[in-house]
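The structures considered in this document are given below.
Two complexes follow with chain A in common, the first pairing it with chain B and the second with chain C.
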Partner chain A sequence: MLLVLAATAFLTIFLALPLAVVFAEAFRQGLRAYLSAIGQREVLSAIRLTLLVAAISVPLNVVFGVAAAWAIARFEFRGKALLGAFIDLPFSVSPVISGLVYVLLFGAQGWFGHWLELHDVKIIFAVPGLVLATIFITLPFVARELIPLMQSQGRDEEEAARVLGAGGWQMFFRVTLPNIRWALLYGVLLCNARAMGEFGAVSVVSGHIRGLTTTMPLEVEMRYNEYDYVGAFAVATLLALLALATLAIKALLEWRYGDEIAAHAPGGH
Partner chain B sequence: MTLELSHLSRRFTDSAALDDVSLIIAPGEFLALLGPSGSGKTTLLRILAGLDYPDAGTVQLDGYDFLAAQAHKRKVGLVFQHYALFRHLTVAENVAFGLRVRSRKARPSRAQITERVKQLLKRVQLDDHGHRYPSQLSGGQRQRVALARALAVEPDLLLLDEPFGALDAQVRVTLRRWLRELHEDLELTTVFVTHDQEEALELADRIAVMNRGRIEQVGSPEAIYQQPATPFVCEFIGKMNKLPLTYANYRLSAGDWVLEGDPWNGRHTNAVAYVRPEHLSLGGADTEPGWVARLRHVYLAGSVAHLELHVPSIDQTLEVDVAGEDVTRLGLQTGVELRVAPRNAIVFALGEQGSDAPPEGRWVWQP
Partner chain C sequence: MRRRILPGFGLSLGYALTYLGLIVLLPLVALAWKASGIGITGMLHLLSSPRTLAALKLSFGGAMLAASINVCFGLLVAWVLVRYRFPGRRLFDALVDLPFALPTAVAGIALTALYAPNGWLGRWLMQWGIKIAYAPPGVILAMVFVGFPFVVRTLQPVLESLDRDVEEAAESLGASHVQTFIRVILPMLVPTLMTGFALALARAAGEYGSVIFIAGNIPMRSEIAPLLIVEKLEEFDYAGAAALGTVMLLASFALLILIAVLQRWSGRWAEQLE
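Now for the complex of A and B:
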């Protein structure tokens, strides 16, 4: 009982209260001020950019995550441990460092900076840099979700499909994918939340060019630093809503398909 | 369709799973691959299914290269030990899978597929379970769904991997009989893997006994049981009394049991004899070659009695099977002293590696 109380108090102080503050500050000067803050050109551009970055990086991570999880769960090969470590790297490295690495590679003074300048390709302080940094940061989400599940499911069903006459793609779309669909959706959800909410790495490669390279989290910071509290918190409410929606769908998935997500598969055995 | 496997070898990183295996599988036969775990029997099955490939050797189907065809083009039905049913599909959808994935040209119409699935489910006695999911079925039912699914594609060759391994004893026996009847019905060439000798002896037309990646013996269940070809088969199939022999005065012997007529004329002095419990006679005359033994235990198991006799002269315990009624007729009580003599034995001349390696000679001994 005491433990429950402590947990509730903890959650209130560290989660519910800040959330309330975000909304309270955003609506401090009324609904009109809130709406006009959100309707600003820069804010709309930040929303568009955030959606664009997520729309590119999430599908790419799905493809990479499924391929990597499949390779790790199904095959023995040299460098398998290395691949696993590589997938975990973004979790263990500070996002700021991740961003910095891209600056060192593609920035004006970076390894490929000169070549990129010659060919008029902009990566750092431009949208490609944001996408690259986001892909790197969200790399583990899909793969890490799928690997334990695919390992526990084993390859029997896929082999059965092969022997029954299914080609490689038929096997994938009729057996592999249906077996991992809910875990995949779960991974996509977390990946998307992180892609839209990422600050550190994106901040380093963005250059904070208003209306061009600022995503929503960056917009929040810039407005806050400019003492535009209503504007900052108004954008923050959108991110908070994203978080709440993510949380709700995540809870729904866990409740409905928990056994298929948590790597112990029902039936079959 | 005759399958001819010649000189198949398959190495995994740490061990040889198959070591120069050759075997001919005749059309319509029911063949068991029998062996302990790690003997290579499942590897052999997976190679036939197209899920694994040998490092060396060939498999020919009526003269064509069987290995060149990929798994999904072989017309093979495979039933996995743990069924491997598609968990997200219903029973009917599972059975229909092999037909649905066919190219449009070869695919039967929707109505034909439904009809075929219905027939197959009826055949495996699951007519009214088509709409259920695998997780809602018992082990025996799942196994039958797996079989129906494998049969749906009308395979030329049916492969079963430990088909009854995960079932409890009673279901196992029922399903075994049923499978035998099904085979007689379909006359489909069937290869099944098992570590259970009883299963192999009861079901199969022929048995290939495997050990350490090699085939030790291929033959009918009777031949495997009555005329084991190697020490391994002796020790693996049924019960055997193992008697190390010594060589002296130009004869092999184990204590008072002297074997006249050494076929090797003393070339092999390291030999071992195997005698089945039912091939030991009790209470014979003193002139027969045999031992004096003391009866230690009598286990009366209905019609048969299992006796445990100790032979002091070779300090070995022998197992002897007699008819249950003989226990009272011969006055077999614990502690009694009596003569015991082999009626026949199989003697192997062993090389330096002992009974693990193929024997250097085999001799069917009779008094």
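Now for the complex of A and C:
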């Protein structure tokens, strides 16, 4: 019982308290100050930009994740382990470096900087840069959920569909997709949470242009650095609510569809 | 050789490789290319700068310390969540993932508000002369926060599948609970603990968002390496930023490879125990 007490006390102080302080600080000067902080035009445009960036990067990573999982879980080829390692690579790269690499490619002094300037295309300090950095950061999420699951499911059902005369896409939409749907949703959920909350990578490529290239996490930073604490924490409450919703849906998916999400370890212990 | 029944190998692999090449590999090649531009002398000059060394030491040393702290608390929390039934267990279990879900900037300002000298906890700690925010302990704290779920989530499935017969055998032979834990259970967990340690370490070493708010960012004292990269970029020192980025990447990979080797070795050792 002592152990339970120690563990729950740790979780409360270390994890729940930071969450509570976000809301306490946001409402420190009352509801009216909170609402007026949320209602400002910069906040609304930051929300819109955050949604836009996620709406582009998440679907792209879904398509990639499904394609990569199909190739890895259904076929044997040389360099498969290496491919898996490369998919995981963005997780062990500092977010700042994930932003930096695109500055080196597309920034004014970058490889394509001169060409882009000639053709009047802006990537760095503009929305395309934010999207690229976000794609880099969130690339592994969907693939990582799907690969072990599809490997454990095996290829029998899909082969049966083919033998019975199903076309490639017919097999995909009628057999593969229904089998992986909950794991796919799970991956999308995690990918989206990270895409909307990413800070380091987008901070490097954003240029912090108010109303144009500031996503919600960047808006939090700018307000905080301007000593507008109520404003910073007010925007932070929106992101905290996103995190709570993510956790709730995640717990629901695990509870309801746990065995359709996790791969069954072959052979067991 | 059996003819392939399943379609789409070329399409899916080709698409995945092209996407990965454009999004991940090409940019990393650009990084290495730009970094090589400053040459060996430039690299040595960069690495011998006391400020760079201090930042790298804080990022990697701090991440090692934070990952070690996470192994201890992560083991405690995972053990309690798997082995005990108590009210609110599901809620606490879901809470473990909070650092994954909470954007780092939010975590950063929240931890700062808590541990700043006038914060909820900071005020109280100051009476004991403990300063966390705006000092190196704040950096470690933020690193522990972001790395925490990795250890718990790696351990949980392994703890669940642990064979209870071995424990019962140890106890029926007269071992105490503590003895059983240290001499029977812990050795079996070593490879898993190392995986958790490696994941938490990789995350903490590169962490930026949650750290910069609480760190105070005093050069030579509480300035992390990723922040130094950002500062170099702001001074348009692209080559310097790329060089420091490459050093960080190489150091991370070296650590991860080292841990993978240790893990394989301890895995073999754990298997022999079973």
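Here is the rule we use: the second predicted complex is superposed on the first by the 262 of 269 C-alpha atoms of A that agree within 3 Å, B and C clash if a C-alpha of one lies under 4 Å from a C-alpha of the other, contacts with A are read in each partner's own complex, and residues count from 1 in each chain.
Convention: a contact is a pair of C-beta atoms (placed from the backbone, for glycine too) under 8 Å apart; a residue touches a chain by one contact, two chains touch by 3 or more.
Please read all numbers here as calculations on a predicted model, not as lab measurements.
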| item | value |
| --- | --- |
| Touching partner for A:9 - first (chain B), second (chain C), both, neither | neither |
| Touched chain A residues, chain B compared with chain C | C |
| Touching partner for A:170 - first (chain B), second (chain C), both, neither | first |
| Partner chain in contact with A:162 - chain B first, chain C second, else both or neither | both |
| First, second, both or neither for A:85, with chain B first and chain C second | neither |
| Touching partner for A:247 - first (chain B), second (chain C), both, neither | second |
| Which of chain B and chain C A:179 touches, first, second, both or neither | first |
| Intersection of the chain A residues that touch chain B with those that touch chain C | 159, 162-163, 268-269 |
| Residues on chain C engaged by chain A in the complex (per definition of touch) | 4-9, 11-13, 15-17, 19-20, 23-28, 30-31, 33-34, 73, 76-77, 79-81, 84, 86, 88, 90, 92-107, 109-111, 113-114, 119-121, 144-145, 148, 161, 163, 202-203, 205-209, 213, 225-227, 229-230, 233, 236, 238, 241-242, 245, 248-249, 252-253, 256 |
| In the complex with chain A, residue positions of chain B that touch it | 49-51, 71-74, 76-78, 80, 82-88, 97-98, 101-102, 133-135, 149-150, 152-153 |
| Complex contacts: residues of chain A adjacent to chain B | 156-157, 159-167, 170, 174-175, 178-179, 265-269 |
| In the complex, chain A residues that touch chain C | 3-4, 6-8, 10-11, 13-19, 21-22, 25, 63-64, 66-68, 70-71, 74-75, 77, 83, 86-87, 89-97, 100-105, 107, 109-111, 132, 135-136, 139, 155, 158-159, 162-163, 168, 171-172, 190, 193, 196-200, 203-204, 216-218, 220-221, 224, 232-233, 236, 239-240, 242-244, 246-248, 250-251, 268-269 |
